[in-house]
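One structure is given below, encoded as structure tokens.
First chain written, first letter: the chains are A, B and C, and each begins at residue 1.
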């Protein structure tokens, strides 16, 4: 490439008033987004600060912010991980089904139906979870306690209402399913036709074609989609607040009535009746949630965007 | 209203990359000037610099002078938007506005510039422009239909009608026939010969027969080498270029012994 | 489908090129037959262990799939058997995903129709202790707060998208792009806390305002609008922008008169879906606008009832006896689902009917 050592500065081209105003307001809107995000961080820190500086005895639980938040963080992670473990394989299978196993004219419709799962408000999931799913799972929890009780996760005593950590995880799984499946679908459908046809031309079956040409290409998309789903699951509020029977503490028992809460659900349950320092404590826990989801989402975006550079499609 | 264009010592840059170097050319009014040359030699870039369309790419800038009838196109007080009103452009692929009818496409340049015209004046402008673009008889009964519904060749003539409706002085055409079939191409070429009565036309083409058929003058662009900027190798009357070019590389290119 | 994709050639001629090796394939109904046998075995097994519909379905699917796999393996070989197994698995996965959707909709519809009466739509909860009452105040509140949210988010979102697509070169747009991604991932409750914290600075602790709820929802809606608008602006061909510039049209007019009209269907769809995304949000409203029993239509003054929060409190604080409030809660959830689904349908219709016409 020919480069010049020092290009002389071109005079700033003259611009019309309309252009200046329009470009300015567009830029202003962009900057507003910056400001709002900074505002979220600043306001959360300001409002959380009293909880960090107050004497631990004045706070709920009486042992300081960290020991108040720790079990909540545990519960948040536990519920989200359960959801992720259930939803990811299902979502990938659904994405494969829609992209490579149904006729093209059906694919869009089926994809739309799966996306409908994402449209349902979280409170309605909560209603369904508490009124339909939880009671339906009670027999299973009884069976699991009797036959799988040696595993700590199923130690019991089995919940009689079904409002357990596993139920909450299942509800979350349904909620994040469409997110993971939408992103997987997108990357699967972008798998290079050339590679797919090459695999088929070698006499591969459809599944072999998928393992040879689609999954390697879509791997980072699946991971990124799963992490976006994780981010959503971590922040999910109302479904958990309704479904989970919360007693606090840390427990790996997935089928009992005594469960750790999650940050978001705890805020929703406590906030309306809280005043003074309790509000600051809740906002502090919200700050922790914000930081966790921020980290997870940034990582997810990084994974997804990296795919664009190393996909082999270019 | 056709005007002459004088270009002197023009260099065009994209960021730090020099795409075109040292162009000196004088384009005659009321004539067709064809620019030929291999792909990537900078002829389209040069064409776009004539109405400052290359500035759409961020970081693009020029050194040198482009003067239209004594007026410097790149003067510090010149608005590129005004330049483009005087110097129209037709693109490689027909690009009628999909949201507009045939009628609205033709008057788009007038309307989008918020010039207020009476309905009768607009009607008159539409008919005049479409007649000038040899499209009137084909579309006069469906002016309210979407412009994108026409055939490729009709769309391109619609785009020409749209370009001439704003009464420019110069018409730049960037490979206007490369996406068209031979019949439509012929229609456009006929149109060009009619239009040169009123406009100065500069056309970039890959089709050397087309250059030989329609143009009075031909400029041959070439790269000095890989990664080098494109240069105007030769500029002469078309007849001379195609029969007895000054430069060896021009002859090689024209006779197909290129590369 | 799975049997018909690559049928083995019916006849092979051992010509000079040699014969094409033939795989035995199950006929189209063979595979279905094997599956049916397995499924029947599963249902019988469930009948032996005490019949239950769900258990029978699970046994049938598991045994049918296993039977198909084993049968295919014996008759068609390992590779085809693996292919068939995966085909069956992805179908099961899809069917599995439909279970909660259908189940949820069925639950809400069957429980939600109890209070689908006139009073529900034109009465508030003012002075209602148990029976009767309605969600008029909550429905209006939801509409008002959603409208205010849209009024904030749509211009900001569209302008930001325009900035990113049309003016976006350099460091600032890159940073904004990243932050929009970050914003998409903000948990809704955190957005609520932000709005609460912001407004409590001005109005003191314990503030509950409709506008605070709208601000919280805007934090959630704006990035959705930006992303979808960005997508559709990018779909507008550059050629159209160039055509407009070449006519001597300034950039801002090109955007307003050419880019936006070309993208209008996509924008409509995107904005409608963004509204659908926030109209059912509960958590941020819980902490910013709270709940009230009376009709308040002023977003700048005091608590406003909203449909999701109304549903939440009716279910969790039903009072005595609970059934009246629980019925109201389910009907509110039902209306919420209808609202969201209607918005989704409207979004699809917009993209179908307002797309630029290119037909000849």
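Throughout what follows, a residue touches a chain if its C-beta (ideal position, glycine included) is under 8 Å from a C-beta of that chain, and two chains touch if they have at least 3 such contacts.
The shown structure was predicted, so the numbers you read here are calculated from the model rather than taken from an experiment.
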item	value
Lowest number of touching-chain links that must be crossed from chain A to chain C	1
Far-end chain from chain C, centres as C-alpha averages	B
Chain whose Cα mean lies nearest the overall Cα mean	C
Computed distance of Cα centres, chain C from chain A, in Å	14
For chain A paired with chain B, centre-to-centre distance based on mean C-alpha positions, whole Å	52
Geometric centre distance via CA averages, chain C-chain B, whole Å	48
For chain A, residues that touch 2 or more chains besides their own	16
Chain C, residues touching no fewer than two other chains	250, 253
Multi-partner residues of chain B (each touching 2 or more other chains)	81
Touching residues on chain B, where the partner in the complex is chain C	51, 53, 56, 58, 81-86, 88-89, 91, 93, 95-99, 108-109, 111-114, 146, 148-150, 159, 162-163, 166
Residues of chain C defined as touching chain A within the complex	1-2, 5, 54, 79-80, 82-83, 86-87, 89-94, 96-98, 100-101, 103-104, 107-108, 111, 155-160, 162-164, 166-167, 172-173, 175-176, 178-191, 193-194, 196-198, 200-201, 205-206, 219, 222-223, 226, 250-253, 255-256, 276-277, 279-283, 286-287, 290, 308, 311-312, 315-316, 329-330, 333, 336-337, 340-341, 344, 348
Chain C-facing residues of chain A, complex	16, 18-19, 21-23, 25-34, 36-37, 39-40, 43-44, 46-47, 89-90, 93-94, 96-98, 101-103, 110, 112-114, 116-117, 119-125, 127-128, 130-133, 136, 174, 177, 181, 205-208, 210, 228, 231-232, 234-238, 242, 264, 267-268, 271-272, 275-276, 279, 282-283, 286, 289-290, 293-294, 296-298, 300-301
Footprint of chain B on chain C - complex, ascending	169, 237, 239-250, 253-254, 257-258, 261-262, 264, 356-360
